[in-house]
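Both of the next two complexes hold chain A, though its partner changes from chain B to chain C.
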Partner chain A sequence: MKEKVLEVRDLRTRFFTHEGMVAAVEGLSLQVESGDVVGIVGESGCGKSTAALSFMRLLPPQGKIIGGEIILCGQDVVSLPAEQMRLLRGPKIAMIFQDSLAALDPTMKVGDQLMEPLQIHMKLSRADARHAAIELLNKVGIPSPEKRLDAYPHQFSGGMRQRVMIAIALSCNPRLLIADEPTTALDVTVQKQILDLMLQLRDELGAGIILITHDVGVVSEICDRVVVMYAGREVESGGTRDVFLMPRHPYTAGLLNSSLSLGHDRRQALRAIPGLPPNLIHLPPGCPFAPRCPRVVERCREEMPALREVVLGHEAACWNMEE
Partner chain B sequence: MNQPETQTKEQVLLRVEGLKMHFPGPRRGSFPWQGRSTIKAVDGVDFELCCGQTLGLVGESGCGKSTLARAVLQLYRPTAGKVIYEGRDLCKLSDAQLRPIRQHAQIIFQDPYASLDPRRSIGYTIAEPLMLAGVKDERLRRERVLELLRLVGLDAIVENRYPHEFSGGQRQRVGIARALVTNPSFVICDEPVSALDVSIQAQVINLLRDLQVRLNLTYLFISHDLRVVRYLSDQVAVMYLGRIVEIAPTEDLFGNPLHPYTRALLSAVPRARWEESGITRIVLKGEVPSPIDPPTGCHFAPRCPIAEAGCSQATPPLREVRPGHKAACFLA
Partner chain C sequence: MNSVSASTFSPELTGLAKKPRSLWGDAARTFSRNKAGMAGLVVAIFVLMIALIAPWIIPYDYAHQDWERVRQGPSATHWMGTDSLGRDLFSRVLMGIRTAVMVAMIVTFSTAIIGVLVGAFAALVGGWIDTIAVWIMDGLLNFPALWLAAFVTVVTRPTIMRLADDLYKSTSLAFFKDTVVLDYLVVFLCLSFVWWAGLGRLVRGQVLSIREKEFIEAQRAIGASPWWITIRHLVPNVLGQVIVHMSTQFGFAMLAESSLSFLGIGIRPPGASLGYMIFAGMASWRSDPHLVAMPGLTLALIILAFVFVGDGLNDALNPRIRER
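Take a look at the complex of A and B:
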């Protein structure tokens, strides 16, 4: 029986900086059910990490959610007091970050970092928490976990630290796991191990996963559904296969054309997207992709297209869609 | 260019023989007589590179790809071996003798943020190799800088700007312009697109390919991304812990990989679930061991899915298994 673990409706997040207001996320909607893997894909600065931090309510002080709903396991968390939100982080929602060296506390033993959420959220005694921590490290594939519990993060390799972070994130059996570029800093063979581990744990725990990445290859490999973001906006979403085989938005098509795969014809030049992503402070009116878009029409520069459903479950925001 | 190798159809521009680059490692113990260990970053590498061709070099982090690149350019002085460039062994030349050769052999670095001097204008950064090459006429230098900016697709206005005003992709274009300003024939590209976003990565890949044809450049292209290496290279070498384990023309290497490590790397490349790949998945256990005191025999044996008892006894030589296709595996 699938349950809806996260529902986001029309999320809008802003950053208030010295240079002006940044529309980091503008109207993002998505749904995650237990057992689902949903990908959020886009380039740096497109708002994918800001979206994740909004779900976690971990935005930096200059960031603010100014609209929309984030319903986590049936509860709207947008205006939840910080104290109550803290109780949800761990048992309901957890996150894995890209840079494991920065995300773990360098002055604290890995074991203590693992036991902390167990003691606070699961109310385990220190001895029980230690047992549970050993079990968790074992589950994520760290050899001789009893010994490694007393090691510090710098004593682990990148892949092993990423496993520790997964263990911490999973310690309180969250219903939703957000992974923000979990394998970007890792080598391919280790990336494969970590992705497999995440899928295996999803099957065991039945949690939903949001995977944030810039690599369309990774999305096509493990995600059931995908949301494509550009300049803070959701430009296309749907089943991964539908979106990648039949992209409707020109940005999605451009992103796929720019990505190499092992099957790419070597004699053919890559069809790169010309130009650069826009500055989010001075966004032009209309569609933010218009200046780089090969299918641009008059209307694109004046009016922002809304998302509309192309086929069931597949949406795109474009005035001049590929049919 | 008069070289003895002119009888072959394609001229060999660079030949590397038995190249070793060892560094002093951490102390073995706290007593002075226990001595230091040795980090064998590059441990006996041979390859040949022909004019106008691209050799791709792949491997995971720490396998010695970047060290190899620096040792080839004599940015590190190799511990042993030969680097024969246009018929001369670079390892035997003094720094002063190397200087004119450096104009012909350049490098593009991975990190477009760290490799540009933040206090120098773009124009100065690109012109600096010309100053070192002894071009004294300022007008001539400026003309060349403007020509290069055009060549890499940047506007002439950027000449007076500073690196912080640019995005990663634009900075990488500056790095490419700087590498090409002395009109080199050989360029080492050390992960030039790894730090860039997908759409920008595609632009830079196209630029590198386009420049190669227009200027008849020879590339040594280093990357950990097999998809990029496959796309750009004529020949590919796979490195593992300081050694080349397989080297072959691109189509052969990707179509018919012989070394189990190459197969594992290929099978780890993300691919769509709905695509039938035909490649059986090999998931390697563990990670690349440390190059300090690496395993004896075949370095890959401890992680190898098909290793036999003999593999950790002796080091398999890089031998020609099929014409032009070499692999260092007893079982290939």
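Take a look at the complex of A and C:
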């Protein structure tokens, strides 16, 4: 039976900086059910990580959610007091970071770091937490966990550390797991193992997963649905197959054309999207992708297109969609 | 963190056969390979031992004046010779070390406590409290420390003396009449007052930079409270720097005590201070160089030892350097 673990409606997040207000996320909506894997793709700086931090309510001090709703397991996260929100992190929502070496405390044994969420949320004693930690390491496929508990993060390989990160994130059985570029720092062979591990654990625990990445290959491999973001805006979303086989937004098409896949036709050159993403402080009126868009028309520069459903469950925001 | 080079990913380091190493164990191993650091440590421990047992091992009473033997050079009976009042210089140097170590201990620990508390509090609370703390610390650091300490000494001494006198009258405890003890007190107070700022600024900077690290963010992501993060993650990560700072500072605190005494505003006779001994010897250093050389060389050797220890600890506890 599926339950709705996360529902985001029209999320708007801003950064208030010295240079001005940054519209980091502008009108993002998505829904994650238990067992779902939802991908958020886009270039660096398109707001995908900011969106994730908004869901966790872990924005830096200059960041602020100014509109929309984030409903996590039936609770509106936006208005929740800080202390109650803290208690949701771990048992309800957890996160895996990109750089596992930076995300683990270099001065603390891996075992102790693994035991921390258990001690914080489940109030386990040290001995019980240690047993649970051994079990967790077993579950994420780390051999002889009793010995590895007493090692420090720098003694682990990158893939092993990412497994530890997953174990920490899953220690309190969260309903939603956010993985922010979880495989970017890893070897290709290890990437596949980590993705498989995440899918296996999702099946075991029935959690929903949000995968944040710029790698369309990873998304096509494991995501059920995908949201494409550009300049803080959701430009296209739908089932992964629908979106990637028949991209409606020229930005999605550009992303796909500029990525390499095994079936790639060698005679066809890899096509990069010309230009750079716009400055989010001074967004021009109209579609933010217009300056780089191959199919731009006059209307694109004047008016921002709204999301329109093309097929059931597949929407895109473009004036000039490929039908 | 960029503390780990590619070599740590190699299989022999990540292999299971390898015994888990601890951060402090690693540091101890690195330190033991540092020759200058180990030599410094041996001297430093020796100095601390001497300071501890000096009153029981000195061959002569350090204040006893022997007018038959004035200003003699080093000999079998007086290893470092005698001073202008016929006192045994070796005994006086040992007692001088005791004085300097005592001052350095108290000053180092009290500045560590003040510096860590103020630095960490300023960084964690931020806002106008942080601004004022930085203002005070920068102000203190921009004055020549010794000049400021001397100024504080001169200003506070009469007050403290008067206070002690009043206390003596009301309590009639001998403690409050002992001018040597009061000298110590004044020196502790003014050196601590001036010296905590360096460590305070260091701790503030460390806390601010570590707080931005991803592993602190990861802690928030598992629902750790601010207190939990501070005690379990911030403190251990700042501690290494604090220890390095304290070990170097210890030698310089000994030097500062001697400098104040040299200027005549620190420990006064009959208390024994290396700095005062150098000052007294200066009057006749042409004819009796040992009066300046003995306490001077002792002081230089001790400070060098503590600097080496601090350097070694810095290499051992700072992983970025360690990995080289």
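General remarks:
Everything below uses one rule, namely that the second predicted complex is superposed on the first by the 323 of 323 C-alpha atoms of A that agree within 3 Å, B and C clash if a C-alpha of one lies under 4 Å from a C-alpha of the other, contacts with A are read in each partner's own complex, and residues count from 1 in each chain.
Here is the rule we use: a contact is a pair of C-beta atoms (placed from the backbone, for glycine too) under 8 Å apart; a residue touches a chain by one contact, two chains touch by 3 or more.
The shown structure was predicted, so the numbers you read here are calculated from the model rather than taken from an experiment.
Of the two partner chains placed by the overlay, only chain B lies in contact with A:272; chain C stays clear of it. In the superposition on chain A, contact is made by A:244 with chain B only, not with chain C.
By the document's definition of touching, of the two partners only chain B reaches A:191; chain C does not. When both complexes are overlaid on chain A, the residue A:221 reaches chain B alone and has no touch with chain C. In the superposition on chain A, A:312 contacts neither chain B nor chain C.
In the superposition on chain A, contact is made by A:90 with chain C only, not with chain B.
Once the two complexes are laid over each other on the shared chain, residue contacts for A:117 go to chain C alone; chain B is not touched.
Of the two partner chains placed around the shared chain by superposition, chain C is the only one that A:144 touches, whereas chain B remains out of contact. By the touch criterion defined above, A:127 reaches neither chain B nor chain C.
In the three-chain superposition model, chain A touches both chain B and chain C at residues 157, 160.
Those residues of chain A that touch chain C in the shared complex are 56, 58, 86-91, 94-95, 97, 99, 101-109, 116-117, 120-121, 143-144, 147-148, 150-152, 154-158, 160, 165, 168-169, 171-172.
Those residues of chain C that touch chain A in the complex are listed here as 1, 3-4, 8-9, 13-14, 16, 18, 20-23, 213-215, 217-225, 228, 232-233, 236-237, 319. Taken together, the chain A residues at the contact with chain B in this complex read 43-44, 157, 159-160, 187-193, 195-196, 214-218, 220-222, 240-241, 244-245, 254-255, 257-264, 266, 269-274, 276-277. Against chain A, the residues of chain B that register as touching in their complex are 60-61, 167, 169-170, 197-203, 205-206, 209, 224-228, 230-231, 250, 254, 264-275, 283-284, 287-288.
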